[in-house]
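Labels A, B, C, D and E are assigned to the chains in the order they are written; within every chain, residues are numbered from 1.
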Amino acid sequence: METTPPRGRPAAPPLLQVDSVTLAFGGVRALSGVSFEVQPGSITAVIGPNGAGKTSLFNTISGFYRPTGGSIRFRGREITRLPPPERARLGLARSFQNIALFRGMTVLDNIKLGRHAHLKTNVFEALAYWGRARREEAELRRDIEERIIDFLEIDHIRHAPVAALPYGLQKRVEMARALAMQPEILMLDEPVAGMNREETEDMARFILDVRAEWGATVLMVEHDMGMVMDLSDHVVVLNFGQVIAQGTPAVVQADPEVGRAYLGSGDVQSLRAKLQAAARQGVAA
Amino acid sequence: MRIGTFKESYTADAALFDSRTQHAWLAIAGALLLLFPFVASDYWLYMACLVAINVASATGLNILTGYTGLVSLGQAAFMGLGAYTVAIMQARWGTPLLLNLLGGGFVAMLGGMVVGIPSLRVKGLYLAIVTIAASFIAHFLFANFQITGGTAGLSMQPGRILGIDLDTSFRLYWLIVPVMLLMLLGAANLFRTRIGRAFIAIRDRDISAEVLGIPLLRYKLLSFGLSSFYAGVAGGLWAYFFRVVTPESFPLSMSIFFLAAIIVGGMGSILGGILGAVFMTMVPELLKLVVDLLPGSADLAVFLSPVRLVVFGALIIGFLVFEPLGLAEMWRRTRRFFHLWPFRN
Amino acid sequence: MTQTPPDLVLEVNNIEVIYNKAVQALRGLSLAVPRGRIVALLGSNGAGKSTTLKAISRLLALEDGLLASGSIAFAGQDTAQLAPQQLVRRGLSHVMEGRRIFEDLTVEENLVASTYALSGRAGAGRPDFDLVYEYFPRLHERRRGLAGYLSGGEQQMLAIGRALIAQPTLMLLDEPSLGLSPKLTEDIFSIIARINAERGTSMLLVEQNATVALAVAHSGYIMENGKIVIDGPAERLAGDQDVREFYLGMGASGEARSFRELKHYKRRKRWLS
Amino acid sequence: MSEGFDWAYLFEISLTGVASGGLYALAALAFVMVYKATRVVNIAIGEMLMAGAYLFFTFASMWALPLWLAIPAAVLASGLLGAIIERTMIRPLLGEPPISVFMVTVGLASVLVGLVEMVWTADQRRLPDFMPTQPIVIGEAFLAPKVFWGAVIAAVFIAAVLLVFRFWRGGVALRATASDQGAAYSVGINVPRVFSLSWVVSAMLAAVSGIIVGSIGGISSSMGVFGLSVLVVVIVGGLDSVLGALVAGVVIGLVEALAGAYLGGEYKLLATFLVLVTILMARPYGMFGTREIERL
Amino acid sequence: QTGEDIVIGGSIPMTGVFAFAGVGINAGIQDYVKIVNDAGGIAGRKVRYVPEDTGYKVDVSVAAFKKITSQNKVHLYYGDSTGFAKTINPELERNGNILMAGASFATELNDPKKYPHQFLVGPDYTEMFGILLRHIAKEKPGAKVAFVYSDSEFGRDPIDSSEALAKQLGLSVPVKIMTPAGSVDVSTEVIKLRRAAPDYTIFHGYILAPIPEFITQGKQQGMKSKWMGTFWTMDSSTVMKMGPDGDGFMGVMPFRYYYDTEKAPMLEKIRAMRPEYQSTAYTQGFIATMLFLESAKRCLEANKPLNGDNLKAALNSIKDFDTGGLIGVPITISGNSIPVGRVYRADMKAQKMVAVSDWIQL
């Protein structure tokens, strides 16, 4: 299996190493022997058909699932047994496929929450709201306002309760919260699902900017092939819990197995022709 | 969205009370609290103290149930722990009042944290019943131990502070109300910081909170601890207030009372806890006043008493059907109305 | 405002929707679905697409929404007096956004629940589970498992499968491709096209994937801020310059734009002016 | 173990425990019906038992109707009461936080107690005897006839409900409604009907159970405390499990009987609650309850 | 200081678990106040009765007390529960103006040192047991007596001391059964009881349930015990609710029943005022008021101001006082209680309680 260094960068020791990870739920094998590496500063995409195990892989990396076998290393350190909050503290930040915002909080509080693991205020300071509590909160607020809210262009909703926001904005708040976690590695699970082209482009721009301005490494799961192929340095293809291919977008795209299992095609016109053909065939049958 | 206020800084935006009107209201409320004891009759002072104790305890429960989402029906038992601790400390060691209150708080806190241990696995109503179990176990201990005076319970001397015997509602008022205000302030502060946010996150979705960096067990225990600390202190105040502590002083119905208070008032809102506790404590009394105003009350009272039960229940139902998010939500709505008035569409 | 022409299975007239007695989400929206046609409804996040569908299927009340004015007619009949389940039983199925499957039920029980849509409907065939399993073999494999443990895409399959069981005459689809792989998206849209061709099921399709939506639809609407801003046959929309730029991701020259070369400043949409 | 151990005593006590567990199970079933379909925790279940018992009391003792008429009349009237409760207090809260609905049932309990005291006063009363008075004798052991027949009736009802759920798709509709009301509407389930049905059936079951419990212990406006034991049973069995109600009813009945017999009355509650906590630590959703799906 | 009303305050449980008694108590107090007022009051002063419902909850009772005492000049007070009596005691001491009685017969309250301004309207629970045990010892020396009581302060109150007394009287107590509060199904307890085969079973800490079930099941299982109860069970209407199996149920009662035929002028007066049956709770409230006002009268006649000490002293000065036949013997109140009573037995055919012993004075 080949691993290509990210475009235009010298090879560096990998930031994240997933080594023959296996995960089973009763009879269902969600992951079997998955291995790949994420290079620092890269954008790595995990793609694959529905049910291939992508989200399970993310859950395993962030510690929500314990793998049945294999190991995960972050900056060379073994984290397979580390509880999730510890991993968050190390800088493994993520967003969720099924939006997991805290519906009882405002956008701002949701984002603030992301910083939790990096703050130090204890109960007594909190009850008195004095000293460190006051300082930390002020600092956090400024940081979030200036670096995240402005950056993601969500200033108009900062005091809105998240529950009533439209889907696309909720996704953006998810991203904001992940950014507030001070990510070393930012894991995005389907960041542009439910977005139209325009919004997808916005999100793509954010992702590029995050890497450029924050120096974060990005690991994402996404079904929008246009975006994946354009943005990623490295693509990992999962099918039935196994890595069936990985490499640069060009390499992956050329892999015939990947095409069969996964990739769709075309613009409106050709797609229309294809769909109509399918329908006619159905009627005839 | 509010109109007409423009924040100068982020700190100002995060302040508890942010507008000039709010400061004015606060000043008025403070003045009223200060004046009240000098104008009110013994009965109203008594009620004020009782309300304040209930507000303190309800606020504690609100931390646990309203903000952290762990439904507890053990608040009365934790109050009992606090009350017994205070009574025992006072009788055995004669320690000073404030220390006793703290002691009551801490013992209750320990109790709360022990009860909180199952909360990592056991959730929702299942957990609520575990807290009921805990309160029955507490009752059993109260009723069957020597140190707690068995079923007869313990009687106390009035509390002493600065050489003054706290033996009237007037004097107790000056202990109970300030302590309650301090506790309210603490709770309000808490939810401006990472700890309060973590509680809310656990309430909304605990598993994702964990992945975002919140150690669940530690925070659930913390919430249980804080909540029962509040209960314990409130229970201590209760002990100084009634001066008799028996196993039957803290029945399950009292826990339900507190739960009702925060639900009717509005869960996850400090104001909700206050409004709810005031409502639940005062409504039965006010209903009595209404009955008294009716002519020929003596004979009528017999018949009207069950009517009061019905009206009380119906009020709870009516409020919730009308506004399931509680009194605090109604208050917010009214405020919004006046803020936007006359620009409402 | 006049009588419903007979070939419209759905007619939405000038509706306004208000959430929580405070937030106005739709402001005088009108649209129509001709019988046997697929109509796409496009629009950016928060435009009010899901709200429109919920208004039609009368599920608004559950989310504290209120249809404040306007009228909706399904198969020529005003829906104002009908309960949501009555609409479903008359053949109007709504596949809700965010999958909304019954997590505590098994896959097969989800389908069983859906057979209620056929209750009391004259001429309804027997519920055909095999059809669903044929379309989505993956569901067949997992049919005894709890639906809550399915992957996102599998849940989406189940949601569509459930609507198939209901044998609707009008299907409201809210982002059916959400979270589906490109291949499966295509498959599902072939199925949609097939159902439409085979059974004459009319569809109102909300989609963010404009490419597939315009490929399968006969006509479309584009909405912004609770109102329709343009409409027309699908081909014409696909040819519209703004649609191409904002929905299909094509540069001015008609070439597919790359995500790497995005500008920070965008042209204002024509329909917002 | 020791030679003097009185096995006959143990047997007799256990028998009684199991039988009285049947009574718990029936009341628990009434609770489970509502929870299963509507996710409403009906804290007023004990008061609904009471209402059923008082209706029976009215028909049988005050109006002197014959028993074969009084019992069905009380059960039907309770069903009507259930329908009214559902329509006026529960349905308006469709889609609101469950805890608010929970609180509404607390209010309901207060209303029911008040109504009973208004109409029938707060005095304790006795229901007419309608069960055979011949004690059931098994070997050396006596079993109180009311308890025995109560348990038999309970078993019949529970078996019936279990069968209904097995062979009728309505069971699926019930669970679907509980799982997601909006989605239930969207597949054509008549959600309001499911709601009323479950409340009506639950109120009727509660009435049956109230009549039996009342005929054993008498009735009064405070007999709602029986609801607490019911709550323990449904938690041990699993909130939404019919089978759980049955098994847990028997288990709790047994534990209470044994604790009462060998440790003393003050240990009864203690023992049941200790059992409850132990079971929950091992199985957080009761013995047969559905676990909540936790996924990210 | 004439002209001012004499106020009797009352925390009365008109709802809740004790409502059955509260309603009767309320009527009893009202009626005696009316009788006195109709006769011109006490030393020319009118008597006013100010009740509040408590629901039998201590904190509500205390609130009622505060409310009534802050709005009226109260010298006499009727309180409901033991818990209330204990809770309010420090307040009473501080206030110093009030004499209090109540619905509680708790042994603990029968202590003039700890509760100097309170008294019990009858024997305390231990004394009630004493009366029953004496009766038993006379009827069947060496009998086996079982105690069945509820797990509450009320239930546990007399048990330990009475076990000792039983030993003294040569009786044995083969089994003591405590039932959890509110339990209805008592089959296991019945089994336990049957195996102890007592000659007498005394129930305490209940009103009605679960006593009938105990008796019914006990009889079905062939028990030969006689069944007994204490004051709050012994109201005629309560016992009659036990049905046919209640026939022969016995218990201690310090007062005459409404329908007693022995000469009692006050009973006749009551029957004239209220033609329908009145409960023993009614009588209890009635006698409490009678003693209140007698003490007040004695104070006023001695020209002493109405305060707690004087009132209590006046109460304790009562010797061989005639209650108009409500209590069958003249009473003397030396401490906090009136330790007299007699044993009555239920006659289901006549639907009446009939006396089976003389008045027993301890």
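Just a few scattered comments:
Just so we're on the same page, a residue touches a chain if its C-beta (ideal position, glycine included) is under 8 Å from a C-beta of that chain, and two chains touch if they have at least 3 such contacts.
Not measured: the values here are computed from a predicted model.
Listed here as common contacts of subunit C and subunit D: A. Think of each touching pair as a link: the shortest run of links from subunit A to subunit E has 2 of them. A count of contacting C-beta pairs for D-E and for A-D identifies D-E as the more extensively joined pair. Chain centres were defined as the mean of their Cα atoms; on that basis the chain farthest from subunit B turns out to be C. Centres computed as Cα averages put subunit A at a distance of 42 Å from subunit B. Inter-chain centre distance (subunit B to subunit E, centres taken as mean C-alpha positions): 37 Å. Separating the CA-averaged centres of subunit B and subunit D is a span of 32 Å.
Between the CA-based centres of subunit A and subunit C the separation comes to 27 Å, rounded to the whole angstrom.
Shown for subunit E are the residues in touch with two or more other chains, namely 15, 19, 23, 151. Listed for subunit A are residues 55, 64, 96-98, 100, each touching two or more other chains. Looking at subunit C, one finds that residues 149 touch two or more other chains. Across the whole structure, chains are in contact as follows: A-B, A-C, A-D, B-D, B-E, C-D, D-E.
Residues of subunit A touching subunit C in their complex: 25, 28, 47-52, 55, 97-98, 164-169, 190, 193-201, 204-205, 208, 223, 225-227, 230-231, 261-269, 271-272, 274-276, 278-280, 282-283. Here subunit C touches subunit A in the complex through residues 19-20, 23, 42-47, 50, 97-98, 138, 145, 149-154, 156-157, 175, 178-186, 189-190, 193-194, 196-198, 208, 210-212, 214-216, 234, 238, 246-249, 256-260, 262, 264, 266, going by the rule given at the top. Residues 1, 10-11, 13-14, 186-187, 189-190, 192-198, 200-201, 203-205, 207-215, 222, 226, 268 of subunit B are the ones that touch subunit A when the two sit in their complex. By the touch criterion given at the top, residues 9, 12-13, 16-17, 19-20, 23, 114, 117, 121-126, 129, 133, 135, 142-145, 147, 213, 216-218, 220-223, 225-226, 228, 256-257, 260-261, 264-266, 268-269 of subunit D touch subunit E in their complex. Those residues of subunit A that touch subunit D in the shared complex are 55, 59, 64, 96-98, 100.
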